[in-house]
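First chain A sits with chain B, and in the next complex the same chain sits with chain C.
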Partner chain A sequence: MSETGEERNVLGGWLLVLPAALFIFAFTNGPLLATLASSLAAAPIAGHGGGFVGLQNYSDLFDDPSFLTSLLNNLLYALITVPVSVVLALAMALGVNRAFPGRATLRLFFFLPTMLPMIAVGAIWLFFFTPQYGLLDRATSLIGSGDINWLGDPDTALAAMMMVAIWKQAGFFMIFYLAALQNIPPVLHEAAALEGASRAYFFRRVTLPLLGPTTLFVMVTAVINAFCVVDHVIEMTQGGPDNASSLLLYYVYNAGFRDWDINSAAAATIVLVVLLSALAALLFAVFGRRVHYR
Partner chain B sequence: MRRILAAIPLWMPMWLFGLIWALPLLYAIWSAVHPPDYSTVFDPFAPVTWRNFADAWNAAPFARYFLNTVLLVSFTVFFQCVLATLAGFAFARLRFPGRDLLFAALLLQLMISPSILLVWNYREISWLGLANTIPAMGIPYLGSALGIFLLRQNFRTIPRELDDAARLEGCSLLGRLWKVYMPLSRGTYVAFALTSAAYHWNDFLWPLVISDSVTTRPLTVGLEIFATPDQGVQWSLVTAATLLSSAPLLIAFLIFQRQFVQSFLRVGIR
Partner chain C sequence: MDGDFGETRAMPRDSEAAHRGAEVALIGVSKRWGDMRALDNVSFNIAAGSFTVLLGPSGCGKTTCLRLIAGLETASEGRLRIGGRDVTALPPAERGVAMVFQSYALFPHLTVAENILFGLKARRVAAAERARRLKAAAELLGIDELLSRRPAALSGGQQQRVALGRAIVAEAPVCLMDEPLSNLDAKLRAEMRAEIVSLQRRLGITMIYVTHDQTEAMSMADRVILLNRGRIEQDARPDELYVRPRTMFVAGFVGTPPMNLLPLVRQGGTMVVRGTSGPAIATAGARGLVAGIRPEAMELAETGLPLTLERGEYLGADTVLHCRCGEEALPVMLRPAGRVDLVPGAALHAAFPPSAVALFDAESGERAD
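Our next item is the complex of A and B:
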């Protein structure tokens, strides 16, 4: 036995790890490698096995306007939903962190959308967005700009998807900020008050740095959601009109299950994975260094 | 003016914002508990009715969808816990060649979830002859990197002395896991199980792809089929069905609010 309290047990170790490892390799690591291989191959046609075609699938992909639209849409979608959700979550947490009448109810209002399936959220917003019938349209018609077909207009469909995503996740991020705020020692407030520091200064120099690890976690989660959740797109717009609300995973789903074009679906998946990893790495590089661990 | 503004407590704009935030949900609730004629008519004296829920329940095989979801979630969470316990224990307390490399490889799943590899996983599950079965909707998730990670972290905090004492009494490796490690990790199990159950109750894309009949379809997929607007279904039925299918999780959350939030925090911050 070593001093770290670990015992050497080769057979036991491997046997215990094997079942879980088998499943993870069979349905995550393995398929990722297989997808990479398939993105470099051509589809077998009439008995002729498809061979290695290099980057052909990728160059075809980048010639496909619907793929380019999905890619740009997804980048914009991430660029907006991630910071907006995070800032809203922090604002909500700061708001409900102090005592006031009905605080528990308000917290519940913010958090409830998180507990709904994305499909239920989609159905609720579908109703909310319905032209002439939905509440949003009735409200905008009061101020004279009604009759916006939110989901049917290419100019607003992607924005509608963003609203839905933000509404669903901001309350979830709020609870992490709330917990982090409650972990800030009261001594710091007292010290700052003695020093005569303004609230803005305290927030900028004490609160925000202490929230660093939370922000990093929340941002990474938001980035993963931005690339891996398309339930609302499938339900509300099917990527339309004219690909205006299509995202990468939706493109993959379509290529794989509507067009049965396995190889371009594979190439699009790899683009998605690379983008997701790059953004996560970027976040760790930018925030990870400045994160203040206690 | 300044004085008037200062007199308004900060919580009033917070409340306004909160009400706007809750509006889509409140609107759906309104439409679900009133007759269709009042769906978008805000008359405080509108008659309240539960008929929409009954009608929605009868308009599609929701009872079966419920059963499918319950089976899917219990199957998935149970096996996730079993596999993660075994692996988490080995990673926490045993030393064997290749351990750290293997651990790192498994953690890939924390970022790349099996559901984005759906095209390949669909081929694999079909090849195994399992397409359109309830287990198929859970199988890709049975090995859970998150579960392994959480349990490993927790097992490492358990005092070595307890383990040694059990060993001196002749307890086997698995006996110690069962009698010492697992009982002391109850909190982690609850946290992981609640988080995972919520995830799989709400999961949509993978079940959509792999299930293709009433006897396997979970609630989310059933709801999506029901809620597609060109079906010509009345909104009051759609909103009632939406609330119905979210109700079990929402009610569980309202009762065990603290446990849920604590679990999410525990799993999230890790």
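Our next item is the complex of A and C:
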């Protein structure tokens, strides 16, 4: 009796999950498998050839200097934008977590870039970066220089993309830190003050560990952003000059939609997914164990 | 104590431990937030090594008072002295006080041992000394087994002990406690009451303990400072507070059930309870008076104060009788021993000795006899 009841439960459970599972397979897992298959195949040329080619697309990819440049650019891009955004977000959150006149306005200013679409952000920064007339050059002209072709110089184009990304996402991460900071009971400050803990000691021993779950979440989000947001590259530099600001996803976009080399784009996508999963797993492995969840 | 028992009966605080506590004094201390006066010109002197309870209803200023001593708030007026030192302008860490918070304020990500040692590490106490104090505190509180656990894995009572441990290892001469037992169940609360008192006696520290629970105040304190609306109503030993309340507020606050307060009116040369024609309670004077009589001082009798029974509450050792008195149906409670079976609506009489009557000025609420 109880066994048939349990069996019916299992069946009922699967039936309940089925619609969602179908959608997830059709729109997430299915395309991923299709991409994987496509990355192992070649398109027929003039009706000849094509079919399964094994890892040929991958070895072609790693022989393509523009792919390697995009890969290295993206790793550097992540290496800089992730920690800088996270530290900046924490600093901003700590700054606006105390009482002072104009606090609400300052919070709004910090958060404003997040609410703008990336395309609008790109347009704003195109103005900032304009040689001689742009905001940055006007500012730097006050101290001497003032004629830097931010987006046109291979030495500065990638750095310019990083600035845009950090400006756009730090305010978003700040909101998470602010929420987490307000979850720390003020009585802990008081207890620590009585125990003779300095502010720095309290920050290191209490605040930072209690923000651990937020930091992990923000880091993973920042890593995903670093590999999956390229609107500004498309709008501002098209990866140039000379691939200096090209990122992985931009390479995929070009391979797929400019060159119509679907199989090569699929292979690059698989590399991107594997890389991203590995980085996320690494973050969880390194930080996840030390994070204290309440 | 002299004689044969002198040595063994002396409490530690009378002997070697006495020097460990420090005297705490408030001199004309006020605390205002805008127009709100949380504490109004409060002065008292707490002896080194004593156990003092700050008692009062919520909003009376007792917690503000404790936080001022801790340095978590700054006084709007007045001075604070601890151990003879003026600490009015000192930060909390330099005042020589430890504190146990109502919510315990344990660090959730740290183990019990790390929580207890938090302050010692912050103050860079040497590792060997830290270990010695941790061991002593853990043994004293019986939490050896828990040292590697996190606060979330502890019961309320265990968390309470850890918070106590953190206060003890600081070896501060003054320990402040803000309603430390209010989150515990009744049985545990009774146990912890006794334990905290014995701990304070053993360590010889000055304890200042905030509560709204008069049972805690009566059973733990050497001295009770009863606050109301930011002012001191009475500052006395628990028995004095009970036997000789200085104001009507004290009379109505202390005791379960509290003192019966009955307004008196003149009748010839004597005064009787309003709405009755006798018996005489006091000789007539110029002022309006209120009589205070403890429920347990009243006995059921053939003659005396006429009452009508509303309901009885059997509590085991005694019964609380809720009655109404006279034309104005003034509430009166009696507390005869044992079980008293009476039908609601029954007419009763209460008798009491003249010495059981406390008289208060009806206007000021101050003691008038």
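The rule is simple: the second predicted complex is superposed on the first by the 270 of 294 C-alpha atoms of A that agree within 3 Å, B and C clash if a C-alpha of one lies under 4 Å from a C-alpha of the other, contacts with A are read in each partner's own complex, and residues count from 1 in each chain.
Simple rule for what comes next: a contact is a pair of C-beta atoms (placed from the backbone, for glycine too) under 8 Å apart; a residue touches a chain by one contact, two chains touch by 3 or more.
None of these values were measured; they are calculated from a predicted model.
J.: Between chain B (first) and chain C (second), which, if any, makes contact with A:Phe52: first, second, both or neither?
T.: Neither chain B nor chain C is touched by A:Phe52.
J.: Residues of chain A touched by chain B versus by chain C: which partner has the larger set?
T.: So, of the two partners, B touches more residues of chain A.
J.: Touching chain A in the complex: which residues of chain C?
T.: Result: residues 70-72, 91-93, 97-99, 101, 103, 105, 107-110, 118-119, 122-123, 150, 152, 166, 170 of chain C touch chain A.
J.: Which stretch or stretches of chain B touch chain A in the complex?
T.: For chain B paired with chain A, touching residues are 9-11, 14-15, 17-19, 21-25, 27-28, 31, 39-40, 83-84, 86-87, 89-91, 93-97, 99, 102, 105-106, 108-109, 111-124, 139-145, 148, 160, 163, 173, 198, 201-202, 204-205, 208-209, 219-221, 223-224, 227-229, 235, 238-239, 241-243, 245-246, 249-250, 253, 257, 260-261, 264-265, 268-269.
J.: So in the complex, which bits of chain A are touching chain B?
T.: Residue positions touching the partner: 2, 5-10, 12-14, 16-17, 19-29, 31-32, 34-35, 38, 95-96, 98, 100-103, 105-106, 108-113, 115-120, 122-128, 130, 133, 135, 138, 167, 172, 175-176, 179, 213-214, 217, 221, 224, 227-228, 230-231, 234-235, 249, 252-253, 255-257, 262, 265-266, 269, 272-273, 276-277, 280.
J.: Residue numbers of chain A touching chain C in their complex, please.
T.: 185, 187-188, 190-198, 201, 205-206, 209-210, 212, 292, 294
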